[in-house]
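Read from first to last, the chains carry the letters A, B, C and D; within each, the first residue is number 1.
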Amino acid sequence: MVKVAVNGYGVIGRRVADAVRLQKDMELLGIVKRTPDYRAFVAQGKGIPIFAPDAASKKKLEDAGLKTSGLLDEMLRRVDVVVDASPEGKGEENKKLYEAAGVKAVFQGGEEHSISGLSFVAQCDFEAAVGRQFVRVVSCNTTGLCRTLKTLDDALGIDEALATLVRRSTDPDDSSKGPIDSIIPDPLELPSHHAEDVRSVLPSMNLVTLAVKVPATHMHLHALALRVRRREPEAALAAISKEKRLLLIEGKKGFKSTSNIIDYAREIGRTRNDLFETAIWRESVKEQGGWLFLFQGVHQEAIVIPENIDAIRALSGLGTKESSMEATNISLGIGR
Amino acid sequence: MVKVAVNGYGVIGRRVADAVRLQKDMELLGIVKRTPDYRAFVAQGKGIPIFAPDAASKKKLEDAGLKTSGLLDEMLRRVDVVVDASPEGKGEENKKLYEAAGVKAVFQGGEEHSISGLSFVAQCDFEAAVGRQFVRVVSCNTTGLCRTLKTLDDALGIDEALATLVRRSTDPDDSSKGPIDSIIPDPLELPSHHAEDVRSVLPSMNLVTLAVKVPATHMHLHALALRVRRREPEAALAAISKEKRLLLIEGKKGFKSTSNIIDYAREIGRTRNDLFETAIWRESVKEQGGWLFLFQGVHQEAIVIPENIDAIRALSGLGTKESSMEATNISLGIGR
Amino acid sequence: MVKVAVNGYGVIGRRVADAVRLQKDMELLGIVKRTPDYRAFVAQGKGIPIFAPDAASKKKLEDAGLKTSGLLDEMLRRVDVVVDASPEGKGEENKKLYEAAGVKAVFQGGEEHSISGLSFVAQCDFEAAVGRQFVRVVSCNTTGLCRTLKTLDDALGIDEALATLVRRSTDPDDSSKGPIDSIIPDPLELPSHHAEDVRSVLPSMNLVTLAVKVPATHMHLHALALRVRRREPEAALAAISKEKRLLLIEGKKGFKSTSNIIDYAREIGRTRNDLFETAIWRESVKEQGGWLFLFQGVHQEAIVIPENIDAIRALSGLGTKESSMEATNISLGIGR
Amino acid sequence: MVKVAVNGYGVIGRRVADAVRLQKDMELLGIVKRTPDYRAFVAQGKGIPIFAPDAASKKKLEDAGLKTSGLLDEMLRRVDVVVDASPEGKGEENKKLYEAAGVKAVFQGGEEHSISGLSFVAQCDFEAAVGRQFVRVVSCNTTGLCRTLKTLDDALGIDEALATLVRRSTDPDDSSKGPIDSIIPDPLELPSHHAEDVRSVLPSMNLVTLAVKVPATHMHLHALALRVRRREPEAALAAISKEKRLLLIEGKKGFKSTSNIIDYAREIGRTRNDLFETAIWRESVKEQGGWLFLFQGVHQEAIVIPENIDAIRALSGLGTKESSMEATNISLGIGR
């Protein structure tokens, strides 16, 4: 039984916490939360122990009526693996605490590759993470790209890849950020950094990425163009079908937009309408002139959750890539 | 065990179907669905029998790989109560079928009051529906208004009410309708019809409504001004707290916008992020010059679901208002 | 010839600057701008002298290739009236500079009433501003409310007024702020401060205001309910028709939403699609039970521009309310 | 003096009509309009004669208070060139009328290439249109692509091109269409038809296009990847700078998103905030591995207006490509 804690309880942290609770080989020791908002109260209602990052936060949480189980450093003394889901860029600072406490840690894609020296997507490099102290799960966009590129490179051979990322601008529970009616090239200086981040997982991938942000909250959409050696869209579809973390969807079954993908997640009863899989439109998978094209949707809130669970197992030396991914998949309803 | 079927499997129908399956005194006989989209496949995956409205649809469903359990008229022969969740305005036509088959039916707020002569909100007029053949659950906006107005009229006495409805324009799974960046007075000719619809449930309510549509998909927001006899916001809050289908939320706990309300429904694990309750902001409940003000959020996809379940019970003569509402609440997690 | 300068060149400043250039009795001495963006380059292209707020900004502007005409304090030595269009809350600090330089100043609605002791809407209190050193033009929402309330109070007698403000969330050229798909009660504690701001212009107005923000950029929409002594919508329409800064629009002529109002401003050739008038929907003006209702649209970028011009004239003692408003109207195409 | 009429007065028609009125060698004989909305009243206010498509529409226009100058067929007897700006797909039917009347006609990109056998972008194939009876100006997206591809092919040599079109979903004055919070692959089957449409103008362009629709109304954004023979971004920038219908913009001057481009058009005083030029971000023009990348913005309402004017001149045999484009540019403020 691996003792896991989650440091940070935002978009990723709260999902990882719930996913950990579904694993038979893990125990959720608690979460670290700073603000006494409804998310904290719901966590408490679920019986999740809440730790405060510091004494001031502890007082604020308790004044608001929450029960706390202590401070972050007390938590670190009792835990095997911390999932660091603190705000982007805070990981480097937290790493020192984890080193001092001698605990293992999974960082998120908001941190640099150098924080752990190993960037992780279960399908691609689970084995490399086995037994390490630190690993970094890559960002939602990078995870979505790696899964598809790895699958299709194995099946068809990719000589060159171009991806345009049409990114949601903020998450559904944030009403402060925009844009409301605008398209933002981001980054403006081309190409974008996402390709380099993919190469932190798939070093030889000859990929270029371009990215824009649009007024949407639910999913990223990626338009991919892949120069393939084996020019067979049917082989691509077969490979996609076999990989459980990829989900083939069809326009003719009502998947007209990213909205329908989220609606599908709601229909199948996923908690928080989480789509852990990368959704690829069957009709979009076409070949022309040596290029294979496709559209895929990436649920930014959910896609990295299975990778976090697998990363915990890899660090803890629990099982193989296959056994871990299978356990994670079953617990989260992936591939059902 | 009341045998229930749901005719129509859109936004309301699929939620009613799942809610029926949670009731101990009801059995879901099946649904009527026309289009072989992902919603149908998911329903089949849940083990819900699918009936076709006609032979042509049956063929279309089966050609797409779905199993059907027969046609609508066969279904009507076996059912006690139909929940008619067909597209707005189709109810009048369907009513003839229900009359011919001698089955009871619950219609939705898209139909006229005259379809059943009784418009229904559980809290307000459950008893009047007991044993009838037909009843009409009112629309999402009307349900949200009736619950709050009834509660506060009982507690404070309302002499006059003004409500401005800031309506979401379409549902989250619809990507065809707008507006994208615009505010639409709708209806343009003031006042709006919503007040009259409220009076189909609460005949003496001296209410005027104004309505606009805005680029949002998740919730309606109502701004209410109520001229009250008892000028006591604390009494209003106490009454709201007691009524389980009203949910007091607080800005200081992170409920900054309708987005947070939906996010809260996701956090507490509600299927399809459904908020069956009317959410009222505690901080907004204020009195000035004899007017009591408040803001409330109405989840248009979900708010009428408990009323549909209670309406089935009322028509079937199953229990009292209190016992039915309590059973419904427990099954849906309301008031937990 | 009144020598005018504009301190700040954002949404309001650039419009005031252009409007000043259209007046026969005013001369635009220059603007104060801090950032070398396209707005500055376009201003320079129009021949508008650019002053820098300080030496560091001057260098930055010049390094970017702009010509500057000196610093703010040099400008203040040569000017009669400054329109302060600096960021909200900077006015109080700037006021000291204007006092030291002995120049008159027009502040905007982002400042407190106390900055000048006189809040200004031309129609309502032009005369009170004549000859003063300082005056404050009220915000877009307040200006829109004051114009309509003053007109209808004169015509019908208003005993009580309730206004729900459905506010655009940010301006069209801002792509950072949201929300994207949400409705925000703002302020959450009811009622909103807007009513008090209206009373800084119309002290006896018995008004309550409620406000929400929605994902739109082009216009605010106000839903008004006015308890009137003379229950005659036709008299209301007649009064509205007579007042040039109110514009009657009709749904049956294609004005379905705020988008059409802005499109109308584009059609009639208004620079920057500015609608200086408050647009009131004819069909929405209805009476019921002693309440007069109406919907109006307020173009937040443009509505205060005529008031700024009139405020300059009032401070400078140039003509009467009638002659100033007429000159402003003609120059801006209002009432054509 | 070429006598021109515009059949249809929607987004394109009203802009072409105004542009024709600015040309020294053209006379606007009138427009054909069906609906008596504000657009018709504004046109009348400008002194533009209004013709009705048929007797029923004539009566409707006149009943609404508009003066009509006759019917479409009367207009056709007096005109040299008709610009057909009727709803998409109506061109083929109208063409018969134009043939019967023996008038020349310019069709829009909503029609098939086969309607005229010549698809037109001034820069690319002006000469081919000289003296013909019919020509088709291509769509906004195709025009934007052709201008850039032609310019860069001439300057650098393009071996292969990939373009992802992030399209605005509807125009700013339409509040009926969405999506509100969704990304739509459109068309879903890849690649999109846009590349073929580009080849109707530039037959040998080795281009593939992918397209999505997003919740925005103001501009399309294109992400281009061009495999070039001459790998010199500086040469690309030089070529772009020289071509007046391309406009280099800079992020560092405040052009952060498409919103700023439209705001720029407002600042420089363009009627209806029209940006006739294709706007290319200087910072985005980068080369890597033989690919030249760039982002460009296309104002869908305005970009084809100069092409329509040039097309009229080409059909009428008025001057050369260079003289026509220069006259058009000067009249519309392009390249100032």
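Everything below uses one rule, namely that a contact is a pair of C-beta atoms (placed from the backbone, for glycine too) under 8 Å apart; a residue touches a chain by one contact, two chains touch by 3 or more.
Source: prediction; values computed, not measured.
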Farthest chain (mean CA position) relative to chain B: D
Chain pair repeating B-D, as identified from A-B, A-C or C-D when over half of the contact pairs by residue number coincide: A-C
For chain C paired with chain D, centre-to-centre distance based on mean C-alpha positions, whole Å: 35
Distance from the mean Cα position of chain C to that of chain B, given in whole angstrom: 42
Junction residues of chain B - those touching two or more other chains: 172, 174-175, 179-182, 184, 215-218, 256-257, 259
Residues of chain A that touch chain B when the two form their complex: 14, 35-39, 41-42, 45, 64, 172-175, 180-181, 215, 218, 249, 253-257, 259-260, 262-264, 266-269, 271-273
Chain D-touching residues of chain B, taken from the complex the two chains share: 169-170, 172, 174-182, 184, 215-217
Contact set on chain A toward chain D in their complex: 162, 164, 166, 168, 179, 181-185, 188-191, 206, 208, 210, 212, 214-219, 221, 223, 225, 251, 256-259, 281, 283-286, 288-289, 291, 293-295, 297
